[in-house]
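Here is the structure we will look at, set down as structure tokens.
Going in written order, the chains are labelled A, B, C and D, and every chain counts its residues from 1.
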Amino acid sequence: MTAEPPHTGPKPGSPLGVAAIGYAFMGKAHSNAWRNVAAFFDVPAVEQKVLVGRHAQEVAEAATRYGWAESATDWREVIARDDIHIVDICAPGWLHAEIAIAALEAGKHVLVEKPLANTLAESEHMVEAARAARDRGIQSMVGFNYRRVPALAYARQLIADGRLGTVREIRASYLQDWLADDSAPMTWRLRKETAGSGALGDIASHAIDQVQYLTGTTVTEVSGRLHTFVGRRPGPDGLEDVTVDDAAWATLSLATGAVASIEVSRVATGRKNSLRIEVYGSAGALAFDLERLGELEFLDATAPAEEQGFRRIVVTEPGHPSMDAWWPQGHMIGWEHTFTHQVRDFLVGIRDGEQPAPSFEEGLQVQRVLAAIEESAAAKSTAIQL
Amino acid sequence: MTAEPPHTGPKPGSPLGVAAIGYAFMGKAHSNAWRNVAAFFDVPAVEQKVLVGRHAQEVAEAATRYGWAESATDWREVIARDDIHIVDICAPGWLHAEIAIAALEAGKHVLVEKPLANTLAESEHMVEAARAARDRGIQSMVGFNYRRVPALAYARQLIADGRLGTVREIRASYLQDWLADDSAPMTWRLRKETAGSGALGDIASHAIDQVQYLTGTTVTEVSGRLHTFVGRRPGPDGLEDVTVDDAAWATLSLATGAVASIEVSRVATGRKNSLRIEVYGSAGALAFDLERLGELEFLDATAPAEEQGFRRIVVTEPGHPSMDAWWPQGHMIGWEHTFTHQVRDFLVGIRDGEQPAPSFEEGLQVQRVLAAIEESAAAKSTAIQL
Amino acid sequence: MTAEPPHTGPKPGSPLGVAAIGYAFMGKAHSNAWRNVAAFFDVPAVEQKVLVGRHAQEVAEAATRYGWAESATDWREVIARDDIHIVDICAPGWLHAEIAIAALEAGKHVLVEKPLANTLAESEHMVEAARAARDRGIQSMVGFNYRRVPALAYARQLIADGRLGTVREIRASYLQDWLADDSAPMTWRLRKETAGSGALGDIASHAIDQVQYLTGTTVTEVSGRLHTFVGRRPGPDGLEDVTVDDAAWATLSLATGAVASIEVSRVATGRKNSLRIEVYGSAGALAFDLERLGELEFLDATAPAEEQGFRRIVVTEPGHPSMDAWWPQGHMIGWEHTFTHQVRDFLVGIRDGEQPAPSFEEGLQVQRVLAAIEESAAAKSTAIQL
Amino acid sequence: MTAEPPHTGPKPGSPLGVAAIGYAFMGKAHSNAWRNVAAFFDVPAVEQKVLVGRHAQEVAEAATRYGWAESATDWREVIARDDIHIVDICAPGWLHAEIAIAALEAGKHVLVEKPLANTLAESEHMVEAARAARDRGIQSMVGFNYRRVPALAYARQLIADGRLGTVREIRASYLQDWLADDSAPMTWRLRKETAGSGALGDIASHAIDQVQYLTGTTVTEVSGRLHTFVGRRPGPDGLEDVTVDDAAWATLSLATGAVASIEVSRVATGRKNSLRIEVYGSAGALAFDLERLGELEFLDATAPAEEQGFRRIVVTEPGHPSMDAWWPQGHMIGWEHTFTHQVRDFLVGIRDGEQPAPSFEEGLQVQRVLAAIEESAAAKSTAIQL
């Protein structure tokens, strides 16, 4: 728990300078976290220095709106600046590896959105860079923000405390419907070259990370299936082929002997952003739905049978993870503060010289599971060892 | 627990002969209970002898359909029969007193649908008749069937066991919507002469009985309000005046110092048959909704704050009241079996020579609360002592 | 819709004589249906003639309790009786084929509990017998009782009416927990020789039948997995090997291009009898849970986006399937009346000389899917064509 | 919709200077709104100038943490500053009148937390001051923040659009449990001199404002009741008398003929912050619970009976009030952004020279209802005209 500052850190007493790359959905959400983290948590002081994007005028407007002192269009120049100590990468997946490796080599702490990268090879290079940087006191982290939902952090704690006994089955699904309409247009997210995969990489990655995070174990074998329900979508010059999956299914064997099932979809009509997780153990069970992210259902099977039932815990007590920083009981916080908590943990890791979780290695492990699902899907769902 | 048979009972070894009066909604529900009770519970043998109704052909058809050996149109003749030992009164409220008193005087055990009667005076006469009969070993009971919902019986048990600590507040509402459409026609249920009152007598009676049943105490003071939202409804010869309430509200003081609120309505659009009850005590809380009658929500406030939550108990365990007679866990029984349980308890009371609950006295107590609510409503809601 | 009576039927005007074989859980549930069906539905008259079981005294007591005129221990003798026109088979699966084929050959209408049989070969013989009998006006039916949950029948109707558009994804799970405790004892249900399979045959059969029933299509390919979490359980002489699955998973391709996922378990702590089904189409979605069997959730995606939401339909309106026979709106019926509706449909089929659904052929189709799941599971989940 | 700036406004192009008075719970929540409003909404530029509190060191720390440039201890000095254009009053209720009137007279726009004041007399003086200021282009607003819950704003819109037909009944309850433990200590909130009233002023005020806000009408008559369940609580020198109510009940007549019921409590064990509202109209119904503040239940009674049901609308669509500023569908915002929306509307009112709602007059109207409830409660619940 030594607090030796990274050698490229700010002058003593000065705030850490932050640059964020990307100003769309994720850039907006990360900016919100940087702007608010210090109002709620005790973290090293930070300064929102630069927001980086491709279009000069748009990124300048976004910078003003989201609280950044400046904007820029060339991430390489920004990474080279002495007053930047943290690089937060919200750019699309195909840029992750290049930016993250360059930033780590330049001695910047790096937070990168999930998934770690679009390919296994890129992910492995990023892990190498992160390891080398870590030896020099530079931290890195991949942004599986749902680990910071207080209800899920509390779920992990209950499992770790043995309240579920031996975990046997996990059901994880992540259902959305933004592609349910088959006239929804073609985008870069629906091309394999740019997106890597579809629902699999985008949202199954979250589900898989949760399975491993909640149970503290790893996937050892997978059987998977991918499907594209709407094969062609309108582009500017007519219908184009969708080359990624709309939906994915998998069963996962875990190192502990538990079995998890995964189902993700972008065409599940009526489900807006429904990450649901159920965990069944020998002594209890849990259920969670991101559409009610302030609640956790818990069943204690050690109680008399007559008294058992899934109890709806409103996760807003001071004793719940992260919640003492916010409002009195019963006052819900929003989805966006998963990012606030993420930035807090990242900054605490930097301050204490300790690897914040999830590390790039953990991000790589998720990528390996995703790759195995693709491999199994291409082989008629035949199970693949990891 | 002496098992001395009533002196007017059947010959030893012969079944008790039952007559039911009324073959509409309640007659159908009670018939179902008589037809099925012995398949699930150990009760004295009964025989469905006669179904009584005003229209000869219709009641004959109903008798065949619902499992009765005969039908009849004159309840006085039926009551006089030696082979009838039980009279089950499902006729409208204005007939309750006359039939019940005659049957009790004829030495028949009497089960009467709620409310006990349309007026306090009638109710008092019925209580006198019941007391006199009881001294001769004749039992009587009023049919507040919701006492036999297993989830509510279990709720009472949790409260009696002290699991809620001191009960402070009770919220009871009974919302229906069959009069929400203002073109719904005029009926006898909407005239004061025939119905006594509207939502008040019909459904607030259930809510008030539950308040007293669950907490084991009585109402000592009320403030009430009545309202008719649709004042005129179409009759055969044009619009007629509705002379009973569509909705009623009350606050009730209980002898223990607890306070209950009551709200009932027949114009609560979208609520089909929603008797909801919440009980808040110093150490726990309960919530119930008749639209999910197989569930009870229970919160144990003695658990650590982080672990508290309303738990949804699926009330189908063998250890739950009445449930060991039915199906394995998780297999729901229907609303109609509140009547099956009611008949079981009535028969057990007859067998054991013990007053089954609720007695006519308890029915009268509910009538007194209803009368006080009417009195308060007529006096600008000023509180009335009972 | 000709109403020519089967040649082996009762004398004109006489009731159909029924014999039921088996008096445990299913025998009790089927008896309840026979005892009550005519009180609610217009069906040919039936008489509960004989209840058949192995233990003379126990079956005699059960017969009395459940409303049967007689009891017997030899099903062959009963099948031979002239006054028996219907044979209802509630015996364990390994007896289905022998009894059903003998009864059909004897000219009796046959209702057999699901699954159709323990093996594919037996199932195929039963189908042959059913076809031959059908040509002689003898009807047969397999008891997938959940088709008669009004909410699921209504779901099928909404799908058939196009309210969901093109169905794409179905999620079906059936979770129970009666084996969650690893000290639960060994039984015949946990041995492959007697039970055929575990959760797969017992409850996945229901889920698979629902997938096909709701969508009106058939499974064409499966990938499956089986798992036994508790491999040894206490028998009378010490621990014994469990030789069937505790849980099963599958993905199913349907002939229409839809994909279904199945997950079933007997160790899902806290889930008592939770058959959950979600159906996602291009224009709407449905969700159902057997633990709330009187409700159906429906989302109409053709409404304006702001107004969309899963609506909780309380399936108790007169216009809902089977519900006009029961109680007013908002009054729930229980799980047991899925069997009452089943018997009604069986009797109507007999009366009208039309094959009631599901036929033995449909039962065989489910068996084929189950067999393919087993085959896939034995081959590392590799997909199997049907 | 003229945009003439207030004569005491900032120099053209300069931001409006804001001072907030109070840095406890409400001060923290309001600060969060000021810090973030411009990141999401197009509003006049603001600067968080001064945070004011009694304790110099604590308020200085809070100012730093919550994003204020300075702190101060004397609100009179702050109000006198030329660079302050907006005064946001988060101090306890007994200070509202003095500060608000002084600030308005000094030409500052004033936002004051609810309830408007502790007494009717103070409230009336505040209204006079607000009217005088309004004539000079100075705006004022009372902070009933729950009007800015998007689900409730959408509810109001559905009602205004006639989707509920004629509103007949409203059930509003606000249940908390922070006083359920009778060893919870004495505070200023439990003394009549400092708090004015208990649950009534604190949370019934929200419920009453919602009743009027949602229906667009006003209360004309009330019957009320107050109760203190725990009469003495531990102070520093032993038990002290609690002189305010723990719970309150009322029925309200509305000008349109609708009737509302109110129940509020601080001893409703297990309810953390549960403002629940149900609205029943002739053509539809709504239900809301603050513990699930991102959802609204809506029933459209003009649909066929079979298709009716309360639909759970996830209020995160771009077309829902305020939601286009935030995240994609299905991503929930937290309770705190009711204040962000409130500040937005306040700033838009200032910019456009239009009275933002709710005005001080509306705040006074709520106070009058509260006073009438107290009067009725003191007169045995006898109804009081407003």
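One rule holds in what follows: a residue touches a chain if its C-beta (ideal position, glycine included) is under 8 Å from a C-beta of that chain, and two chains touch if they have at least 3 such contacts.
Just so we're on the same page, UniProt names per chain: A, B, C, D = Gfo/Idh/MocA family protein.
None of the values given here were measured: they were computed from a predicted structure.
Among the other chains, D has the CA centre that is most remote from the centre of subunit C (Gfo/Idh/MocA family protein). By number of C-beta pairs in contact, B-D leads when A-B and B-D are compared.
Annotation: 36 Å between the Cα-based centres of subunit B (Gfo/Idh/MocA family protein) and subunit C (Gfo/Idh/MocA family protein).
Subunit A (Gfo/Idh/MocA family protein) and subunit B (Gfo/Idh/MocA family protein), compared by their mean Cα positions, are separated by 55 Å.
One finds 43 Å separating the Cα centroids of subunit B (Gfo/Idh/MocA family protein) and subunit D (Gfo/Idh/MocA family protein).
Within subunit B (Gfo/Idh/MocA family protein), contacts with two or more other chains are made by residues 271, 299, 308-310, 314.
Interface residues of subunit C (Gfo/Idh/MocA family protein), counted against subunit D (Gfo/Idh/MocA family protein) in their complex, comprise 154, 296-299, 304-314, 317-320. Considering their complex, residues 25, 29, 31-32, 35-36, 38-39, 65-67, 176, 178, 271-274, 290-294, 314, 316, 327-337 of subunit C (Gfo/Idh/MocA family protein) touch subunit B (Gfo/Idh/MocA family protein).
Within the complex formed with subunit D (Gfo/Idh/MocA family protein), the subunit B (Gfo/Idh/MocA family protein) residues making contact are 164, 168-169, 171, 173, 175, 177, 180-182, 223, 225, 227, 229, 247, 249, 251, 257, 259, 261, 263, 265, 267-271, 280-285, 299, 301, 308-310, 376, 379-383.
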